[in-house]
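We call the chains A, B, C and D, going by the order they appear; numbering starts again at 1 in every chain.
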Amino acid sequence: MMKPDLRVSIGGLKLDNPVMAASGTFGYGREYESYMDLNKLGAIVVKGISIDPSPGNPPPRTVETPAGMLNAIGLENPGLDGFVRDKLPWLRKQRTKIIVNIYGKTIEEYAELAERLDDLDGVDALEVNISCPNVKSGGIAFGSDPVTAARVASAVRSHTQKPVLVKLSPNVTDLVAIASEVAETGVDGLVLINTLRGMAIDPISGRPLLGNLIGGLSGPAIRPIAVRAVFEVSRKVSIPIVGCGGIVEWPDAVEHIRAGAWAVEVGSATFRNPRASLDVLEGLERFLSQMNFASCQELVGLLA
Amino acid sequence: MMKPDLRVSIGGLKLDNPVMAASGTFGYGREYESYMDLNKLGAIVVKGISIDPSPGNPPPRTVETPAGMLNAIGLENPGLDGFVRDKLPWLRKQRTKIIVNIYGKTIEEYAELAERLDDLDGVDALEVNISCPNVKSGGIAFGSDPVTAARVASAVRSHTQKPVLVKLSPNVTDLVAIASEVAETGVDGLVLINTLRGMAIDPISGRPLLGNLIGGLSGPAIRPIAVRAVFEVSRKVSIPIVGCGGIVEWPDAVEHIRAGAWAVEVGSATFRNPRASLDVLEGLERFLSQMNFASCQELVGLLA
Amino acid sequence: MEANRILARVVECKLVADSTLLLRFHTLEHRWTVNPGQFVMVGPVLERFYEPFLNRPFSICRRPDEHTIDLLVGIVGRATGFFLQRGVGWDSWLMGPLGRGFQPGEQAERAVLIAGGLGVAPMFHLAESLIAQGKRVTLLYGAKSSRMLVPVTALTEMGVEVVFATDDGTCGFKGNASELLSEHLDKITLSNAGDVYLAACGPMAMLEEVDRIRRRLGLSLEVSLESRMACGVGACLGCSHVLAGNKLGRVCCDGPVFDAEEVFDR
Amino acid sequence: MEANRILARVVECKLVADSTLLLRFHTLEHRWTVNPGQFVMVGPVLERFYEPFLNRPFSICRRPDEHTIDLLVGIVGRATGFFLQRGVGWDSWLMGPLGRGFQPGEQAERAVLIAGGLGVAPMFHLAESLIAQGKRVTLLYGAKSSRMLVPVTALTEMGVEVVFATDDGTCGFKGNASELLSEHLDKITLSNAGDVYLAACGPMAMLEEVDRIRRRLGLSLEVSLESRMACGVGACLGCSHVLAGNKLGRVCCDGPVFDAEEVFDR
């Protein structure tokens, strides 16, 4: 049996393999150090960073739902300076690729983040979050409209030499239109999808189960929506797509890749199994070699 | 313990209790006759009807997904005449309310369906489906834009004396905007939500698991999305809302009602348990009396 | 009695062939009148747990007594994997008996049943009932390999002639059940076509092949179809199958057993 | 050794009080060094089944030997209901040992542990370790009613003084554990504040009350907090708790045990 070639290039971002840890579900990497060899991952996407530190939303912030979960972290983060001071030095020492997820309250903030990250050693790419349902100003609003989405993407694109991925929201009427506009801005790839807006209430007490009332739905429950998003967008847009949403075990990654994803991100599955991303990678590699694929790239978009 | 008052009026539609069977998941009622006393239900919403018979989509048409399912029936139905000839006579004899779910390929077709159903005895209300993800022409397109959605609603409203419910799609950027426009047309209520667009692929073979490739996601997996939709819309729109999406057991109905629903529809849960709707009703009634609610109406929108 | 939903407990769970379980359900309900070829929808009792979410259809394999229902279950995915995991002692809802079963009629004295793989499940019940009616019954039973063959002593003991076919030749005829059928029909002499009743259950390719053979000989045939199901009772229109002349048939209630004439275009 | 993820089997599952299970896990892994107050994330092994989806945090109650971990589990919802259903013989992943445990320090000779309801779980381990260090240990253990009290003979046998409080007076002091604490502290004479170590685990209202009492007396106190958790390791920021001075603390890794000074605003 052949060892399949797992390398993949998302535009300028060259990965040793196509399995990454999704933003917000893998902390700043170090939290999972004792559970796995981080360097085996294609990349780690760190928790979303804003210019200023942010305290996030009031608790409770997570709740389980059928085959999934809601979160309303509200992008708690130490701010760019805090990140650079406290997190980046350790991250820089890792051999895996580090992708920094960024979000701003204005287009200018996105541009500023891009510019300030551009110089930094140890940051391999940016993932632009225009799709977070948990912050009021900005976030999802930027991802809801093709023109605004493209404007954010352009702003980031023009302020950094590093590869740029744009992460889109599924909470929209016409994802393909947004994806198409964003793709035109010259970014390296699209990440599909962020969470879906949801809510849960304790039936007995009537207490909303999230402090923020509304949060983002993730996990296996949303996998069919994510796969559909990847499929539709990949048929219309020519830049690489990174699939994300409901990937828990390796067959889920294969499903995303067959739908059209060049690479995948494993999100909330990591909470269930800290090694989920590596297990996915190992399963994927096994599958490819058993099925005699010479490379993972051959599987992209391949339907029967 | 008091017996709570379960009656509810969705505009002109007076129901003995707030639990209905959702369209497409309860056939034409008769299929479940041997499993339960149909007359105990608040209402039965029959499978979507179009003017002309429709063969629906190629099989396979359903597939299970984590805590849910995808369907791409494609609105197979015998057409209005077939329905009136073969299904209505039996339905008319039932004491429960019968709501006919309609969909058209043009606004004129919606109007025509409304007009022709207006005369018919045994039809207690119309549910206007502008939200089905499984038919190409029409369907979801009508539900994606506030102006078009309102136009369909107006057309139906002006062609029938019967109560009119409009069933909305969650696959939109701004559900509240659509709901607000539709509410202005004088319809009796809104039904939230129809299915979310999704897809599943067999990882091993690469075969898409639906003949139509894309289908609608339903079941517990989508409950958080449905509850959020009910919550958001009910805070902004004054006409009654019927909650639908992921209701399997009675606490789920309570969750929808607390979010703001006046009544609920039980959908795919019926496939799992043909008595699901009645079990939900009985549980709801027990809950209300144990918690000393005089009526179900008191629970609507009640959060702690 | 009409179809209903009953609570049943798994009292036996035995591997009878590769990846194949015999599941025996015990239930207090005893009013079911089951026709061979009918099926049940199986849904584990899992309140507030929605995996698996939908019930799964399985042909009723045998009904040893009025409180007992045997199923033959191939382990192929989530629900069936779950059955294996749970072993015995768990409770399940059974909806049934569902669908249109086999309708062999009176006249044919001889029945030839063709089963491919797990398609053998309903043939147990059918053969039993045909034997009880005094018919001469042959079961042509094909599988990939001998390891996949479910024991059929219960049938041979009651006088059913069983002939095996395996793709790899590890048991009986080397080839599939439809090839075996050709051979078999060559051997028996029929005075008229009505003398023999054919029934088949298995993969679609096998059913098509069996249909071609029986057409050539002018015999009638019933086939049991499969389809992914959500409701099992005709409500969801999920199991629609494109029949002859582009007509749609719901496998769960118009079938699963259809006259081959209805199913295959000439 | 650092926290890791190990496979464990449930070898005992016993109702020890109303809706309260003692779950005993056996594991081949034995390198865990557990500090009292640390916890594990429990996730049943369920491939391709995503209900429950997330792991659940439980304090390590006792560690009878290096291959054994005991948890006390209140049955309150989906996952804990599942544990009850499964009984013994199932496998689970355990992530641990997690979080910052109790840090009683050396100087205090006397420890008073205050437990409300299931908050008693980590107190078993803590009391045991304090006794091993030669301290004098009192456990004030409150519950709604005697039926909710978990047996504590293991503790009394090793010399822990246990005083009960029940809301309905069905066992011991009528009232809650914090009221009992007031009474108890009145009885003991302290030459200086450093002589006694206080640790509390239970509902937030109880912790607040305990904090008020110890502040009055100028005693130090550690409290173990609860929060809904997704990751359990500091990665999701889901368990953030608003601490004193509006600072945020992650219960899973900055806690679950905090110095009361950090937690409560004056």
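As a working rule, a contact is a pair of C-beta atoms (placed from the backbone, for glycine too) under 8 Å apart; a residue touches a chain by one contact, two chains touch by 3 or more.
Keep in mind that this is a model prediction, so the values were computed, not measured.
Chains that count as touching both chain B and chain C, per the definition above, are A, D.
Distances between chain centres, each the mean of the C-alpha atoms, put D farthest from chain B.
Mean C-alpha position of chain C lies 55 Å from that of chain D. Rounded to whole angstrom units, the spacing between the C-alpha centres of chain A and chain B is 34. Mean C-alpha positions place chain A and chain C at a centre distance of 47 Å. In chain D, the positions touching at least two other chains are 48, 50-51, 78.
Among all residues of chain A, those that touch two or more other chains are 65-68, 219-221. Chain-to-chain contact here is organised exhaustively, every possible pair of chains being in touch.
Within the complex formed with chain D, the residues of chain C that make contact are 48-51, 78, 81-82.
Those residues of chain A lying in contact with chain D across their complex are 24-27, 31-35, 47, 55-56, 58-69, 71, 73, 76, 219-221, 248-249, 268, 270-275. Here chain A touches chain B in the complex through residues 65-68, 70, 144-145, 171-174, 196-208, 213-214, 217, 219-225, 227-228, 231-232, 246, 251-252, 254-255, 258-259, 287, 302-304, going by the rule given at the top. In the complex of the two chains, the chain D residues touching chain A come out as 2-5, 43, 47-48, 50-55, 78, 93, 95, 227-242, 246, 248, 253. Residue ranges of chain A in contact with chain C, taken from their complex: 66-67.
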